[in-house]
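In what comes next, chain A is part of two complexes: it sits with chain B in the first one and with chain C in the second one.
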Partner chain A sequence: MTADGKYLLEIKDLSVTYRAVHSPVKAVDGVSLQLRKGESLGIIGESGCGKSTLALGIMGLIKQGSIEGEIYYKDQKLTGLPEKKLKKYRWKDIALVFQNSLEVLNPVLNIKEQIGEPLKTHYNLSPPEIDQKVVKLLEMVGLNPKWRHYYPHQLSGGMRQRVLLAMALSCDPELLIVDEPTTSLDPLSKNEIVRLLQKLQKKLGFALVLISHDLGVIKKLTSRVMAMYCGQVIEAGITSEVLKNPMHCYTRGLLNSSPNLFKYKDLWGIDGEPSSGNSVKGCAFYPRCCQGEESCSQTRPLLKYVALERMVACHKGGIETFLRAEGIRKTYKLKNMEIEAVKDVSLEIRSGEVVALVGESGSGKSTLAHILAGVLPAEAGRVFYRNKKVEGRWATKMIGGMQIIFQDPFSATSHRMKVLDVVKEPLDIIKRGSKQEREEEAVKALQTVQLPVSPEFLDRYCHGLSGGQRQRLAIARALVTKPKLLIADEVTSMLDPSTQANLLRELKGLQNRHGFALLYITHDLHLARKVADKVYVMYKGEIVENGVSFEIFESPKHIYTKQLLKDVLSVSRDAPGS
Partner chain B sequence: MAGVLKLLLKPIKTIKKFSLLGKTSFIVILLILLVAIFAPCISIHPYNVSSGPPLSPPGGEHPLGTDELGIDLWAQICYGARVSLLVGFLTALLAALGGGLIGIVSGYLGGWTDKILMRIIDIMIVLPDLPVMIVMAAFFGPSLLNIILVLALFSWVFPARIVRSQVLMLKEQGYIKSAETYGAGAWYLIHRHFLPEVFPLVAVNMVRLTGRAVVAEAGLSFLGLGDPTSKSWGLIMHHAINFAGIYFTPFWKWWLLYPWLALTLMVISLAFISRELEKMADPRMGR
Partner chain C sequence: MNKKRVTRLAEYFFTVWVIVTLNFLLPRAMPGDPFLYLSSDVGEEVIFSEEQRQYYLAYYGLDRPVGGQYLSYMSELLRGNLGHSLYYNEPVSHIILRRLAWTFFLVIAAVILSTFIGTVLGSISAWYREKWLDKFLFFNLIIMSEIPAFLLGLVLLFSFAAGLGLFPLSGAMTHFAGYENWWEKVLDILHHAFLPVIALTIARTGGMYLLSRNSVITVLEKDYLRTARAKGLSEKRVIFRHVLRNAMLPIVTRVFLSLGSLVGGAILVENVFAYPGLGHLMREAVMVRDYPLIQGIFLVVTICVLLANFIADFIYGKLDPRVNDYSETYGG
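Then we have the complex of A and B:
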């Protein structure tokens, strides 16, 4: 039946519906996948997204629900096969390592009996042979054979995981499905299990389906990965690529919530809960998506190729690109020399990203920022905001557009204007809403940046404010237009650490909730490491290195970046001691 | 517009901060202003008709004496204050408005407009103003309006230069750039940012221009180029000087001295006020 017989496992449009008391729950919703011999596939997603149900579905172990769609194992259709025939495939061809817990092992059988059970049913071996085989299996999974005489509750979690693995491997399956192999394990035994699985796959050559929400494990063990949400596959691709550059907001949310990928970055979960119950009409992720639009709730997005080996189910083709700059160049002409401030710089900022632009002073960071915002004309190159060329001021003079905050807080706000007038100035110029609405918006923006909103403060002149207050005022003024992209030039330089932390958290919050993107220009590498998703390193007008922040910070390639990181980050490490 | 209104109320606060000299000067100017406004009430005698014996010394019926036609000098000075103040203030206002606008345009637009305007300003500065003023006053005929126009024509360059440099500086400020990114047009920037920002500087300059215009008008009148029908202080002096052999008589002691005194008092007071305001506008000066 299959197009080519090369696939070991092929699933076509599989749906699993559980018969619940009130309404049926669709746990797996139209999932298709192919797996070749010896391949490894990771399935990630939040709990309750249908990962385990998919595994059970493949094993034919769904008892309480109905299955639609087709599952092929080596050209043999498994769906619809009677239980008796299915049993032949189970364990012998497809084995499942259950999620580790006491319940999955029979408490009244000792380990030998547990592992021996499938051997008995599939191979008809004699008791001494079984014993021999069990010893061999236990040795293979790195467990002392003496444990075979004990009962499950007498074993530790890590040991039980090994027992489960030994059970699954007892009949030499060609496809191993592993469900959460490392949850509830301490880091040491976790690493051991991961190494064991790596070793075993190499040795035995089985195909692996790994279900986990531990992205570190997925990264180590799988070559391809699928992200599931509400029973649907929402993104699929090569593991290293997906983890480096997720193209769906959901996958990115999962990455941002994982501490083990990049240790320094802040943790952020995805807001809201997955919609439970029946499948929704539109995009399942729409209620929680940071770039969702009304139209997303109309139809369900199909899983489509958006790049090489990358499929995403999103109406917008994955995470939107907000700003794209190509070949920006700028030269300052002084009396008898020319300074190339920006040389052929290209950069990209996607929705919901914090992009840090780092580099020493005088490297052209601010010039680049001014060009991006259209404050300075570029000599060459183009800037696109949401795929439309930036010309004139259209991108900055609208609500929900692009905004720039200048570096010097004292010149960024007029000293003879009042706080309220400063903050609502953009709205006054854009002529949005009534006077009262503008004032309300301004007060909200002031609260965001933690400035007082008492009438007495609103009526104060800016020259009576401190540097930090004026900096926050400038930020509030930029936020009042609810920008989608903020170009922030050293905006926290004058703030005390506490305000800075609060402000950055607030911005990160906007980022995660509304897909707000930030180009954060700084020379504070500690801060950049904490907040940035992507990093561009600028040196003498050129972008010498760019990439995902954990790559840049953990393994810089360019000599300048290396030097920069070494100087800044190592000095600080010594600081407390000295 | 509320901001501009506030700025107009501000002078009262500013004057409180004046030094003693500044306050005295302000009172003098205020007195001259009151004298000019209430001239008909405080001068008992008419200013253009003979009301007593000619060339009578101060005292008695004529507190400042009379001229050769027997016209009361006090009345002449009271009415002369009107002319002097009118010429001074109107010239300053015209010059400040015109010059300020030209300065903003030149500074904000930059480029060719700026270059052309700056060259014109250079020419105006280099031109010796008194001879040209004399020629023009003679050419256009001696009327008060003409004198004001001619004076304004030579005065606008000062505020224009000040305003231009200020606007050039402001243009680079972050808040102006931000306002531009929100889509603010030239008109918004001018009335919301540039005008309030340059207003104090122009105001200071206006006081100085007033003093200059008063002296210039007196000078023109003194040379006989003023409006002969008006009664400005310069014209009184012109008549006094033209009286043959005035220095051989004691007549100059009142006929020439009092208008001169009034003029000097006014000009000096204006100069003090302008210095006082400059100090305030730019705290780095003085102090």
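Then we have the complex of A and C:
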């Protein structure tokens, strides 16, 4: 029926507006999508982002609202079709597995009647034929056919999910929309349902639209994915790529909130709440975005290609790249030998990312850090900060620029200076504000790193401080210019665990709220596993492996990484806290 | 399951016993005794002398200790003997049976009519919720349901029977009428019953309307209705198999529970139309303190109510598959 290359389902600029008591709520706002026969598409997003409304909209089941835009099924335009004709498509061509709840099945009709009734309506089968088909359907979803004589309330949640699935498949639909198939299920039944859906799609070849906020399920079942926010598609692409490398702050936020992708990492939800559903003028995500600027609130960003098979709706083209280094090389010339400390290193740090640079001592990590910050000149290669080449000190001597914290606090902070002077020194250099303002900023920075702010302490000379205090002082000095990117070279090694934890959480908080990025150079893999989004593994001056932290930590590829992880992480398992 | 049924039955028997006992005690707690009015005709009261009273008290066993009276009352009851009416001088059971049929006739006709009309209007109202038709029905039926049945009866009686002369003023059928065939008899009965039934029906329709409107609206919002629509089922099937099938649950319960209260509610209407039902009889019995008759009527009404409850229980269990399972699981 379909010509080659034609879409099975095509949605053009669909909007759904619910009539509400006070003001209309736009639940779906200008969504377009295409789906070919047999394809699978995942739709992700927080609750209330319009995922389910989109599903109901496709089925033409929006009751208290109006629909704009067009929906095509094969060549038939479904929008605007009278109810009577639309009924012919429902279930027979497009079926929906509703979100599981006790109320989704009619409580007073038995399972057989509920699975079988569309067969009567659409194919006019006789009762024995229906019974036969129901038995077959139940067997197909792995449920004992005897259950067809029972009522919904007598079934467990997992069984009900299977019944819903069998019911949706009763008329062999070409398009199956599945709404949150695994919420409210225990892990075991969840896995079973996922496997079942995988198997059935392979066997029956229906196209699948899967709505879920469970990214693990999306990852397993779909080839393409769309992230929705406030009824708009905010990012779309190939599922594995999007989940590995989200290009929109919102999608990344969703990933950071998902415990099932990488179990060791800290959970961070997205700050703030979605707007109430009324169309805003600018970018809908702007109020919660960590890299939003005033200009974002002016116009609505369009969904545009930013890479192959990847679309993002963002004025900044997705998550900004803060730092990009290409082909960095550095050789130290000693008396009669050359040490290649850094060999052709390239790396990238995006807004709001914690990038861990791990490797053993002497692998060239610190040298690389110094080059990135512009402290040490590179022999070859270039460094860009926010797409501008780093030359001289411009990137480090501005508010909201780049800062580096050196490994050794004793040489990093002058022992002849007073605490307050050390911290406000960067502000003094760039002559920011009045003296009083600078002092206030400095005190704030000191509070952030949990140092005392009594006049007596502020007036103390640095040589009177302990190592840990000097370290924190150095961090406070870096934070006082509110950097967007912080290069932190083993900064927490001198801190006690509690201060370390507090500081890291503080930095993580900055990261999630303001898009602060951190290059975290460490040999502490436990910490790296906890905080890092991306990991670069350095060995003998080379980056031997890099990638998303869960990939590196769960399935390292390079032999050195494997060895490193095995040594560090398995030793600690025997002797915790070592 | 079986154990549950047994307990349930035991509960019913216990209730019957409590009521029978109360039934025995209540008339005896009333001031005065039956012989105050035994042979009083309208207008003139013949008061018995003390000797005569004592004689009759002894004759009917009313001078015995209460405990003894109770025992003999219970044993007679078990044999189906409701006693002998002091006023009508006839077995109580005969009188009640004769009158019960008329009350049942009124009540059942009114229940069927009001349920049907109420449910149909309620469903229409729910379907066109917030549209003008719904608002119109809602407003009018609320007003109607607030008028007491006897007042409505009086108005109907004055206007249609007394004023226009369309219907008879009283009774259940024309006295001493020689009917040519059964059809004429039926017509005559219907003619007499028309106004009382209408009065009762109108008084009850509002309640049924509100209940079914509410019930249908609730069902219309349910997820399973969206499921039914998604399946592309025909409108007819959605309405009857999914909406009404669920919406009727509270309606059925209400119908059966109201049967009992209707027997009581019919008292006033029967008196307005001088309709020879149980309600009318009860008034007469109370006026003359005919203990056995009052007890008999109370007993029959009670049993009617309990029976209606029992049937409601049973039917609800058949209609809603959840009931039995849940009460089993949660021990309720």
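Keep in mind that, in the parts below, the second predicted complex is superposed on the first by the 570 of 578 C-alpha atoms of A that agree within 3 Å, B and C clash if a C-alpha of one lies under 4 Å from a C-alpha of the other, contacts with A are read in each partner's own complex, and residues count from 1 in each chain.
Note that in this section a residue touches a chain if its C-beta (ideal position, glycine included) is under 8 Å from a C-beta of that chain, and two chains touch if they have at least 3 such contacts.
Source: prediction; values computed, not measured.
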item: Overlay on chain A: chain C relative to chain B, clash or fit; value: fit
item: Which superposed partner A:Thr413 touches (first chain B, second chain C, both, neither); value: first
item: Partner chain(s) touched by A:Gln154 [first = chain B, second = chain C, both, neither]; value: second
item: Chain B versus chain C as contact partner of A:Leu105, first or second or both or neither; value: second
item: First (chain B), second (chain C), both or neither touched by A:Trp91; value: second
item: Contacts of A:Gly374 with chain B and chain C, given as first, second, both or neither; value: first
item: Which of chain B and chain C A:Lys397 touches, first, second, both or neither; value: first
item: Contacts of A:His122 with chain B and chain C, given as first, second, both or neither; value: second
item: Chain B and chain C, minimum CA distance [Å, superposed model]; value: 63
item: Common interface positions of chain A, toward chain B and toward chain C; value: none
item: Parts of chain A lying in touch with chain C, wherever the complex brings them together; value: 56, 59, 61, 86-92, 95-96, 98, 101, 103-110, 117-118, 121-122, 151, 153-154, 167
item: Chain B partner contacts - residues on chain A that touch it in the complex; value: 373-375, 393, 396-397, 403-404, 406-408, 411-414, 416-417, 422, 425-426, 429-430, 474, 477-478, 481
item: Of chain C, residues touching chain A in the complex; value: 222-224, 226-234, 237, 241-242, 245-246, 249, 319-322, 325-326
item: Touch list for chain B against partner chain A, complex; value: 172-175, 177-184, 188, 193, 196-197
